[in-house]
Every structure is written in structure tokens, then in C-alpha cells.
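Just so it is clear, A, B, C and D label the chains in written order, and each chain counts residues from 1 on its own.
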Amino acid sequence: METAATHPVSHAHGQLAHGHGHEHGHLKLHYQPALPISNGKLMMWLFLSTEIMFFAGLIAVYIVLRFGALTWPSQSAVHLEERIGFINTFVLICSSVTVVLSLEACRSHNPAMAKMWLAATLALGGVFLAIKAYEYNQKFSHGIYPRYPRSQIYERPDLEYGSAVRVRAQELLVPLQTAGYDKPLSAAQTRRLKRLEAAAQRSPQEEQAYRRLRARREGYERFRFLQDLKTRASSTQPDVLAALAAEIMPIRPRGSHEHLEGLNDLNPWLKMPIVIPGGNMWASTYFTLTGFHALHVLVGLIVFAIMMPMRFTPDRANMIENIGLYWHFVDIVWIFLFPLLYLF
Amino acid sequence: MCPSDAGERRRVALEGRRRRAATCCALLWLAAAAGCGGLSAPQFRLNMEDIIRETPDKDPDEFRITGREREQVRQGLLEEMRREKDPQKIEQLEANFGAALDAGTEEVLKLKRDKIKKLKILNTALVALFGTPDEPYVFPESGLDIKKIRLAAGPAQTVNSNVRRGLYRQHCVHCHGISGDGAGPTAVFLNPYPRDYRQGKFKFKSTEFAAKPTDADLLHTLTEGIPGTAMPSFKLLPLDEREALVEYVKYLSMRGEVELAMARYLFVDEEDLELSRSTLVEFLAESAESWSSAAEHVVRPQTQPAHVAATDPAEKARLLAESIERGRKLFAGEKAACVKCHGPTGLGDSEDKLYDDWNKDKDPEKFGAEAATWVLPRQQLRPRNLRLGIYRGGRRPLDLFRRIYTGIYGGPMPGAGPSPGREATLSEEEIWSVVDYIRSLPYEGQVAVPPPRQLTQRSRQSGSLP
Amino acid sequence: MSSPAVPHTHAGAAAAAPAMPVAKFLATYVFSRDHKVIGLQFLFSTLLWFIVGGLLALAVRWQLAFPWQGMPIVGRLLFSAEGNQISPEFYTMLFTMHATVMIFFVIIPILAGAFGNFLIPLMIGADDMAFPTLNMLSYWVMWPAFVLMTISFFVPGGASAAGWTGYPPLSVAHGAAPASQAGQTLWVLALVFVGISSMMGSVNYMTTIIQMRAPGMTMFRLPMTIWGMFITAVLQAFALPVLTAALFMQLLDRTVRTGFFIPEGLVINNEGVAAGGGQPLLWQHLFWFYSHPAVYIMILPAMGMVSDIISCFARKPLFGYKPMVYSICGIAGLGFIVWGHHMFMSGMNPALGAMFMVSTIMIALPSAVKTFNWLATLWGGKIQFTTPMLFAMSFVSMFIIGGLSGIFMAATPIDIFIHDTYFIVAHIHYVLFGGTAFGVFGGIYFWFPKMFGRMMNEFWGKVHFLLSFIFFNGTFFTMHLLGAGGFPRRLADPYHYATFRHLLGMNQFITYCALGMGAVQIIFAINLFYSIFRGPRCGRNPWHANSLEWLAPSPPGHGNFDVQPVVYRGPYEYSSPETTEDYYPQWQPPPAGQGEASHAQAQQHA
Amino acid sequence: MNKFWCLLFLAVPVLGVAAFAWAPGAGYWLPRDISDHGWQIDHLFYFVLTLTGAVFVATELALFWFAWKYDGRTNMQPVRFTHGSHDVEVLWTLAPAATLVFIAIYQMNAWADVKMRQPDVPVLAEVTARQFEWRIRYPGADGRFDTLDDVHVVNDLHVPVDRDILITLKSQDVLHSFFLPNLRIKQDAVPGMKIPVWFRARDVGEFDLVCAELCGWGHYKMKGRLTVQSASAFQQWLAETAAAQEATQEPEVEESE
């Protein structure tokens, strides 16, 4: 029954690889590759095609949600700066160039130069992430989060919004009440405070009393301010609530670069709920898209960092080329994301 | 195929066949045995988190002390020694350690035996009074209809004819639990929790604050469901099936009330219970009486809103508008104090943390580790958002009137009508006005989205605060 | 049995276990980079999950036949307090996890992971995959998925119960279902890991097939199995990342509560869900954009294996090799534009539905071509009724039913009535159980000798086939009738409805058949394990088949081949007039003077 | 033994056809159709059933016959050594393609009738699905929704017979599906969307309203009832329900069904 296998494959091209490099020394086989590129590069291209589909999914979702949404906030409403986006795009394009330069240097037997350019890429990638972090932080400081639990974005100034303002005001009021700041200073206290303020020199006791009285005055001012907010937020009048929302966080008209400051900006401790029509969906997509992109940048940087201590002999060029392919891909994704998120 | 192998394979196959058959049989037998073993009759579940703090682990017949309990005693003695300052006494304690340990263990065992004995008595009494989930039984003194109960009790049976039995286990058990303790497997994920019948506290009914609901009330709840909760409408069950379920709910409630009363009697008051018919009936009578007299406590408004009686449409509209305006003032006013819980805009955004009676005492901080063992952890109560147009107890003006008049038993909502020991806070006319106002709330002009505004000059200057 | 002088000793590695140091044992059998070991690891892991998925299905069947009656074993363990009857949310979990386990942990990995790994290098004449380490990782990345999914059964609320399709808002809103707590998050995470594993595998397979074919093995000399695997890998590479993206979005919706799939103004479990502007249908689009191609991921490799088995045991060339290849490619291409037919009733624009209907109906075409070709392959052959052949023929027979019932769903107006009824359940099981699973059984019986160097027991194999075939049809053919009655799926107690009350008897019949089907798999398990250790040994080519894997020793050692394989012809030259044997292996050089051209060509490539 | 396997494969078409022939008589078949458009769907069902049935029988018989005839033990003919035939391939590609295109075009009208040609009538009721009920709202006397006189009912949809009925379908929480088996109507209720559904019922009576999309643990509980009644009975029912909803006094007699 072994007719087939016992056929002596006399003209076999197989040969035994003896030891060198091949771990088990089994028969080293010949192949008939279809493409004149290395397996590694082919796999990188295939891997990138899966990545393209991944980002295609995310971008498609963005497009569907954005154009299906009733309202979508303008860039200025969500504190998005086109200039920063431009800078970041430029940084990333530069890093793509440096990676190519590194590859060229490596191919032309110049390891030091290659390493230098790779380090530049690493640095530029770092700058990109740093700028991204700065942008995120800007959003966070305005209460714009990808929703839960800290997002304070409301879609419209309706009764629910009023309720949220009341809840937040109450949260701030409770400690003031416990500290006894819910009563104004008595006439005598006011006089004493004025006197202390006027005094050029204060003894330690006086200094303490002065601070306490001043804190009480300020506390009471806050108390009254919050009480006022709470009363206004209890209104069922749409106009009153809309005015309140505009006061807490004014929305700049489209394209305006005038910096408008609302109560939340002027009093960072306030952290009142804000109204950005369409803001929740915007935050969801913005943070997800840029977040996954930043994650890819980070992965690229980690790989670069791992490569840094290596010796950049010309046979490493393939590796640099493959990683470079990945890096260009990350770059291209950003080139799609930037106009979608910042310009349209 | 490998012809040279064929003979060999056949031989191996023959040899192996017997062994394989034996294995198959063994596996099937195992499955069958486990299957049959799985079908033991269900029992009412003991779930008295607040009365019997620790129920004996598994087997009530286990009159032994476990290693864990012994260790607890030992730790207690060691703790005592650590706290002792006097070296002489420590020496004494060390010398008597073994004896003390034995004594301590004996003490624990005695308590445990005592507890098990009481539990057995409790169980016997309850089985005597009410039977088991498969074989329910009632005393005539309970006033319950055993025929209806039997239709609702027992294992679920789907038969091709239109008669279905075991209704409770088909429709209710996964939420309300087999003993009606509101702790079925699905319960913990619901908001609010399903009703614990054993408390005898029902929220949505036509009777006075603490009175039991009438049969019609329970039937209404079953028929319409409770909007805004997980209780669905069972309108499409035939009337006789719904009535059977109502009877079964009453049966479980009565059984639960008796169980709790007996448990309190045995474990809290530490009395002995005599297992005689008269004693048992005594326990039963109180609950049975409250159920049978429910119909006497139905709240019927003596008046009705002025606009209902009016015939001229213009007049009707004017009277209604006036009534709504009056209601608005009352709602916000001190006397009714609705806004305290329901919020100034009726959204139900109370500033206080509110709880139902059965949740009130379940403070996890107070109970520490024990809280983790609760089937149903504490759940906060949200006052009704009156702008949704969803009313749990029914949307008829009459239903809303009763809610305001009697309050909600088991929850923090007080009644505005008179109740024993308390004057009415609102007159009937005033209650009707509040009803009109509440009914108008969902339709009050919705807030339109205004164009984004810029910060006004005023707030830009005065906005900043220290 | 004479075997050629083997130049090294790895051929018998499987038997040489004793006295092996732990590190070496781990490297050889656990963290092995050898594609054969990885393939077997996939095989046994998935068979283990097959048991789990099967038991879940039996529990579902119990409830449908005996609603609210004490369930054996499970009921006692979990619901002793409720009269041993399962609760509805447990039922929901049962069918969700049955589908999830069967699709993501059994069918996809057993085809691509087990057979793909084992067969691709052997059938194309390579010593291993292009990236052995990546290959090993693709298996070990499945383990987090296995572990997470197992854990999900034990977290509060239980495992996912939002259906295997995980439609939001049910799967996203925490209050919507008892199991949309941690269970659903674990479900999402597990599927992300499955996705990563599949991505690694598919990239590797594609590279291997493109670059590592033996000299003379042109693309049109590849066996159909390899074509199936190749197109599957392409589908996985291009469709799966979209699901991964969607899964990440669902994960974010669940954890940080973004609002991709949650529209505004929901009130769930008496709590308002604060979210704005998301679209529940978006998930369905993304999910089916993957999961429709996934249906082909779940059957194309099986189609390939069945083609090979049928051709081998009909002792006749495969009829219409190229049309078969084009059909596979056509199925893959069309597979990307038909996803909307899962959503005819979903509220999607009906005009769009009409377009999807046309593309969906057209996808029946390549399937029909394949079926005709299989039948034509049988025509005029000399059929050997071996166990693998019986399974392969039943694949064809069952696939005809599954394929034809698909036309009912593709026709949108009929779908209005049968959508989400048992007609769908019957259809999917005819394709995936009667089709793929029977193909997989056939594949196991067929390649078992190559995997373990021993034969499986033929008699018990046939018993297994006969009983499986009967019980399978008893279970699922009847479901067509249930579907025609409008019997909806996923209901814990459909007999509430007067319309469906009379279907109880038929459901009981189905349950008995299903229990029988479950029980006969014990025969298979025993046969499998018995044969691994005690089956009669066999030579390199026990079936007298043509493709390259039969050139290698059984089981093949490390590096697979002890001679350099060179390919001279296609894989289906059975009963060729050029030779006296009824088979003509791909590696056998033509007699002197004949076929010099191809010989020279082969040499040139080498 | 080989012949046994052939017969086993023969049993598939024989028993398959037998099952479909037996089922309607035994009551396992499409539920009674009471809608105006349902005949189109049923007709298509029978049409596709006949077509696929023919293909099913033909292919399965071919499988059986080839297995029987070319059994390796009895077939003494030499194997037909062929790699396929271009003409045959073209034939069996084009023939099904033409059939499939025909099916695709043939059914367009029925689809459009059910989902695309909305009748020009006022909305009769708004059905809001929630876990696990159908909350139904009629506009009341003023003919407008969102006013105080809206009539609210649960799980109990009443419609007049022989009228074009237009219903708005909404969902409060998760996906549900509005399935009327007897009217051949099915439509998912999607949160955030208002989806119109229309039909025309021919017969009076009570029919099941089924939820056909998984909506959580209580999915099976979500049972509704469709009552088709004469126009006058419907108006009377609506008026009674509206009046009962405005009750300020307990009605004299408890309503019973």
C-alpha cells in the first residue's frame, strides 16, 4: 500500500540543512512564492489591510452618527482648536519623513545616521502624543468627557438640565451649611473685618481672626450665589433655563475665536453641568477615534523604543521598512481623522 | 483504505465493543440517576434576614459543632486573654483554656440546638397551617378558597387543553420567589424590587393607609401591571386564573405574616410555642381578620371636582384651569409639601435619600460584612417623576386621589387625608386640585431648544466669585 | 508496511513522551510552534467547547419541551429554591451562550484553527506556517477568551443573555437584562480576543499560502480545502476588524458609557439612561457586516474539505475545479454586500432592504453551482462508502436543504412572516450543523490517520454517522414546520400564545431527537480517544489520496516532509488513464516521456 | 450495506416531502390569514416552496441515484475521467441565475405593499413597547396625541375591521418586534425611531400579538392581543375605555370580562 510514498523521489530538490541556524535541522524545503517580497513585508501589508478595515469601521460610524444626528456641535463649541490640529498633522508627517530617512541611512550603511533619524521619529511621535494629551486635558477642564461618570454635558436646557444644576448646587451647598456659612456676618463682624483689612500690621491672633472672617464672608457670598443659581434652575421657563445654560458655559458662534468665559471658567470649583447640543455624541466619537489612533501611535513608539538599542546593520533595513509601513499607516489614518474631526 | 489493516481493525473493534457498551451504560445511568435525584419536591424558603441573623448552614439535623464554630470560640477566648492585663489572671486563663474551650463549645452547641429546635417547631407549625408549595393547605379560619389556591400552586403544567395549572410558578416565581419573599432569581436585578408579600404591605390599593388591599385591588394590579416597574400586565390571562393568583398572593402573604410573627415570637421574644390548633389559629386570626375586613376600609371620595359636573365646555375648561392653578400652588406650598420629594418641577428629584420600609434599616455600613450575604441589598427609592405621565397605581383621577389621600403604605409618601391619630392636611377639594395639576404636568409646554446665547454682560461682570 | 528511510526521528514524536524534561514537554506539546501541534490543540479545545455548547442546547430544548418543569441536574444545582425550574433569564442566557460558544469557540476555530493549521502547510508542501510564533500566539490568545467566557458564567447576573448577536440597547444598558452586567462585558472582551486570534491566524495563513507553496503547486493546483481556507482567511482579515471596532464601541458604551448605540430618552428598569444620539441599528449593520461573511467563514473550509473527500472516495476528479474556485470567490465577494438581509424587519429603510434582497438572492447562485458540481463528481465514479464519505455526502444532502431554505428568507415578503421564527433556526442548523459540523466530522475521520498515524474504527464511525444523521434530521427538519406555524425563537414559554399552543407536542419530539443526537456523540468521543491510543496503525496514504499531505509520514514529524515535495498535477487525478492505479498523487513524477512539460516547469520553479 | 446508505439518502427527499405533505392536514402550518395583503406573502411562500421543493427533490434524488448506481462494489464500468464541462457549467449557472432574478423581481410588489406604500389615513394608535408590555395609546376624542384625553391601554390593541389601519411603533427601552402572525405583519420597534405599520384586517376576532425580537428575560411574557371588531363596536369600546379612565368615583359594578 505504500506505493506512493515509497516512490523514490530521485530528483528531489530537498536536502538536509545541517545545523546552521535551523533549529531542528529538518529538511529545508524549497518554495514557489507568488510575490517577490519577503514574508514579513507581505504579512505587514496584510496586517495593515485589517487595520484599515478597523479604522474604516470607526470612521464609518463617525460619519453615520454625525450626519444622522439632529445637531452637531461646532468645533468652537467643544473647544477644538484647528491650529493645534494642524501642528499635530505637521508633526506626524515629519515623523513619517524621518522614518524614511532612517531607512535610507540604514540601507546606505550609515547606522549612526539611521539611529539618529529613528530617534527623531520617536521624539516627533512623543510630541504628537503630548499635544494630544494637552488637547484632551483642555476638554476635560471644560467638563467634556466621554460621558460617564464625569461628563457634564446636557443636550438642551430643559427641566432635566435644571434638575442637574440644582443637584450640583446642593452638593456644593451642603459643606457650606455645615461650616456655618449660610448666615451673613453680623454688623459687628463686618466692622471688625473692615478694620482688620485696613490695618497695616496684624498680630498673629488678628491675622487668624481676619482669615476666619474673610472666609466666612466669602463662604456666604458663595452660598448666596449658589442659592440664586438653584432658584433660577428651579424655573420651568425655557428662557430662564437657556439663559442659565449660556451663563454657565457660553457657546461661541461658529468660527469665532473670541474667548468667552462662563461661570464654569471663572469659578473652576463650580463644575456645573453644561449644555452642548449634540455634545455627548461628539465626545463619544472624538475620544474614541483619536483614542484608538493615539493607541496605535503609542504602539509604534514602543516598537521604536525597543529598536533603539539594536545595531542598525543593513540587514535590519527590512525591519525598519516594515515598522515604517506601519508608521505611515498611522500617519495616513490621522490625515483622514484630522479634516473629519477638525475641519468639517 | 488499508486492506491489510481491515482484519486487525475488526478484531480490535470486537474486543473493544463490550468495553464501550459498558461505558455508555454507565454514563447514561449516571445521567438518569442525577436527573431523578434532581426532582425533589420544593419547600418554602426560609428568608428572614432581619429576624434570624444566621440560619444554620445546611442540614437542620446536624447537631454537631463545625470546625469553623469551634475556631470562633477559640478566637474569642484568645481575644479575652489578649485584653486581660493582670498576669495572674492570664495564667489562670491559660491553665483553664481547654475546659473553657469545651464549655464555650458546649454553649454554642446548646444555642444551635435551641435554634434548630425552634426552627423545627416553626416549620411544623407552618406546614400544619399552610402545607407546602406543592400541597397547599388552609384552615377555614383563614377565609381563603383552597380550590383557587390549588389552581395556582404546585408545579407548572402546560396541558393542551385550555386548563393550566401551577400558575404561580409559570408567571410569578422567578421574581417573587417561591415563598413570596420577593427574592426570586430575577429579583435582584429589578428596580424597584418585587413585592415581598410576607410583609403584608401593599402599596397600590383603594383602602386606607395601613389596611390590606381588597381582592379587586390585587386583581387590578395583576390586570394592568404596574407601569414604571417590572410588573407586567397579565390582562390576557383568563379571569379565573387571575383570581386564582390573587388568592394565592393572599395565601402567601398570610403565611408570611404568620411566619414572621411566629419567628419574632420564638426568636426575639424567646417564648415557647405550643403546637396546638388553637395556638396556631390565634396566630392566623390576626392576619385573616385584616384581610377579610379590607373591603370596609375602602376610601371613597365624597366629592368630585367641580369641572367634572359642569356641562358647558367653556365653563368646564375654565373650572379645570382654575383647579390646576390651585393645585400648582398647593403642590409648591408648605401645607402639602409635595416639592420636598417630587421637586419644584415635579421631576421627582428629591434632595433626600428615600427608602421603602423594607429597605430603610438595611444600612450596609451598619451591618458590615453581613450585608454582603443579603439576597437583596438596599435600594434607594426614587419619587415619581410626575412629568412622565406614568402612574404606578393607575391613571384614573380616582386612583391619583386615593394615592394622595391615603399615601403609600410601605413607602415614605404620607397621606393627605385623615388617618387614625392624624388630621387631614388637605381637604378633598384641595386633593382634587392637586390631582388635576398632576394630570396636567406631562402636557405642560415642553421646553424648546433655544438658539445658543452669548453670556450676558451682567453675568460676565458679576460671574466671577472667590 | 514499509516506509522509506526517514532521515530523522521526529516522525514518532507523539509516542516518545516518557522521560522528557518538563521544559521540553512544554515546548513540544504546550507552547509548541509546530503547526500540527497547534492544530491539534485547537481541535481538542474546540471539541471540549462543543460539549459545553451542546449541553447548553439540550437545556434549551428541555425548557421548550417541558416548560417550567424541574430540570434534571442543572435545576437542582441552581434553582432548588424555585422548584428546580429554570428561570427565564437563565433560559435567555442558555441560548445566547449556546450560539456564542458554538460559533466563536467551536465552528470558527475548529475550521480555521484546527484544520487550517494542520492542513495548510501539509497540503501545500511547506514545513510549517510562515510565522510559527505568531501561529502559537493565535492559539494562546484564544485562552483569555476561553477563560473570560468561563468566568462570565459565574459572575452576578450570569453570562451574557442578550442573544449571540448582542443587540443594543439590551446588551449595553446595564439595567436592561440581569446578565447585561459583568457577564456582557466579559462576553465582549472574550470576542475581542477571538478576533485578535483570528486576525493573527488569517494573516499567517494568507502569507503561507501565497509564499510557501511547493514547487509546481500553482494556485490552480491547490486542493479545494486550501482554497476554502484561503478565502476564509481573506474574509476574516477584511470583515473581522469591523466587528472588533464594533465590539470596542459596545465595550465603551458599557464601561465609560459613550452613546454609540444608545438613542436619547430611554427609560430602562425605571431609570433614565443618560445618552444621546446613538443609533441601535448601527450595531446591527456593523455586526452583520462581519457576521454575514462569518457565515461563509463557517462553511467555506468545510466545503473545501468535503470536495476533497468526495473526489477521493468517488475515485474521480472533482467536476469543475475552476468553477468551484470561482464560486468560493464569488461567495466571498457577494458575502460582503448581503449583510442587510438579517435586518429586513429591523426598521432599516425598506428600499435598502429591496437592494439587499437582490444581492442576497444572487448569493444562492455560487452555492448552487457548487452543489451541482459535487453531484456531478459522484456521477460515473466508483463510490466507496467510508465514514468520511458518508459524512461528506450528508454534507451535500443537508447543505441542499439549508441552502434552499435560505431562499425563503432572502425573499423579503416571506421573511416578514418567518423572520425570527424556527424557520431561521432550522436554516442555520442545516447549514452549520448538517453542513459544517458533518463536514468537520468527515474531516476528522478522513485526516485522523494523518494526525495520529492510526485509523479510527470504521464500524463505530458508521454507527455514529447513522444515528447523528437520523437524530439531526428529526431535530431540525421538524423546525421548518414550526417556523411555518410562525413559532418564534428565543421564547422561554411560547405556549402562552394560543397560536402556538398546539406546537408543544412537536417540540417534545424535537427534544427527544436532540437528546438522542447529544447522546450519540459519546460514541464519537469514545471512538476518537480509543483510536488515538489503540487504533490500528496505518501508513502514509491509507485512503490512496492524491494531495501532498499524504506524502508525509503519519503522523508527520517536525518539518513535515522527509523528501522535498514537487508537484506535477492537480490534486484530483483519480482514475487517470495515464496510470494503472486509480489515483495519481500530486508528487508522483510522470513516467518518462510523458508530461515532460509539467515536469520541466516544476523543476524550473524549484 | 452500501445500498443501505443509498436508501438512507433516498429517505431524505421522501420523508421531507412527506413531512410537508402531512403537516398542513395535521395543523402544523401557516396560521389563518386575516389580512388584506397576506395572500401575497402566502402565495410567495407556496411559490418558493414549490420551486425549492422541486430542486430539493431533484438534487436529492440525483444524489441517491448516483450513489446507488456508481457504488464502487457493484459498478463495473470504468470511472468517467472528466474534469468538468464548460457547457454544463454555463447551463447550470445561467438557469438558476435566471430563476433567482425572476424570484427577486416577482416579490418586489408584495414587499412594497407591506413596507413602502403607506396608506394616507390618520394614525389610529401609537404602540410603545417596553419591557415587557405593549403600551397602546389612542388619540382620544380630539384626534391628537399628547393631550389629556389620550386613551391608554395595555396589551390590548383594538382595531376596526375592513379599514386601513395605521399604527406608529415606538420603543421605550430596548428592541422589540411587533408580530401579528395572523396578519403577516412583523416590524421591529427601535428606540429612538417612530416606525409606521399598516394593515387591513378582514375578519373580526381576537388574535395574538407576539414580541418577536429578544427584549430581555421576560421576552416570552410580552404577549398582546389584537381585537378586530366592527367599526361601531370599536367606537363603543374606545368611548367606554376613555370614560373609565376619567373615573372620579368607583364604578357601580366592577368591570368584568
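Brief remarks on what is shown
Assume a contact is a pair of C-beta atoms (placed from the backbone, for glycine too) under 8 Å apart; a residue touches a chain by one contact, two chains touch by 3 or more.
Only a predicted model underlies this, so the values are computations on that prediction, with no experimental measurement involved.
Hopping across touching chains, the smallest step count from chain A to chain C is 1. Among the chains in view, C has its Cα centre nearest the centre of the complete protein Cα set.
Look at where the CA atoms of chain B average out and do the same for chain C: the two points lie 46 Å apart. Remark: chain B and chain D have CA centroids separated by 40 Å (rounded to whole angstrom). Remark: chain C and chain D have CA centroids separated by 30 Å (rounded to whole angstrom). Looking at chain B, one finds that residues 2, 4, 174, 186, 230 touch two or more other chains.
Residue positions of chain A touching 2 or more other chains: 1.
Looking at chain C, one finds that residues 1, 87-89, 177-178, 264, 267, 269, 278-279, 384, 493, 502, 539, 542 touch two or more other chains.
Contacting chain pairs in the structure are A-B, A-C, B-C, B-D, C-D. Per the touch definition, chain C reaches chain B in the complex via residues 1, 67-77, 79-85, 87-90, 156-157, 175, 177-178, 181, 267, 269-271, 384, 386, 455, 457-460, 493, 495, 501-502, 504-505, 519, 522-523, 526, 530, 534-539, 542-543.
Chain B makes touch with chain C in their complex at residues 1-2, 4-5, 8-10, 12-13, 16, 20, 23-24, 27-28, 31, 34-40, 42, 45, 133, 155-158, 160, 166, 169-170, 173-174, 177-178, 184-186, 188-192, 228-230, 382, 388.
Note for the complex: chain B touches chain D at residues 171, 174, 186, 206, 216, 224-225, 227, 230, 232-233, 235-236, 239, 298, 300-301, 304-305, 308, 395-398, 401, 432, 439-440, 443. Per the touch definition, chain D reaches chain B in the complex via residues 131-133, 135, 146-148, 152, 154-156, 217-218, 221-225, 244-250, 254, 256-257. Interface of chain D with chain C (complex): residues 1-2, 5, 8-9, 12, 15-16, 19-20, 23, 27-31, 40-41, 44-45, 48-49, 51-52, 55-56, 59-60, 62-63, 66-67, 70-72, 75, 77-85, 88-89, 92-93, 96-97, 100-101, 103-104, 107-108, 110-112, 114-116, 130-131, 172-175, 177, 179, 181-182, 184-193, 195, 207-208, 210-221, 223.
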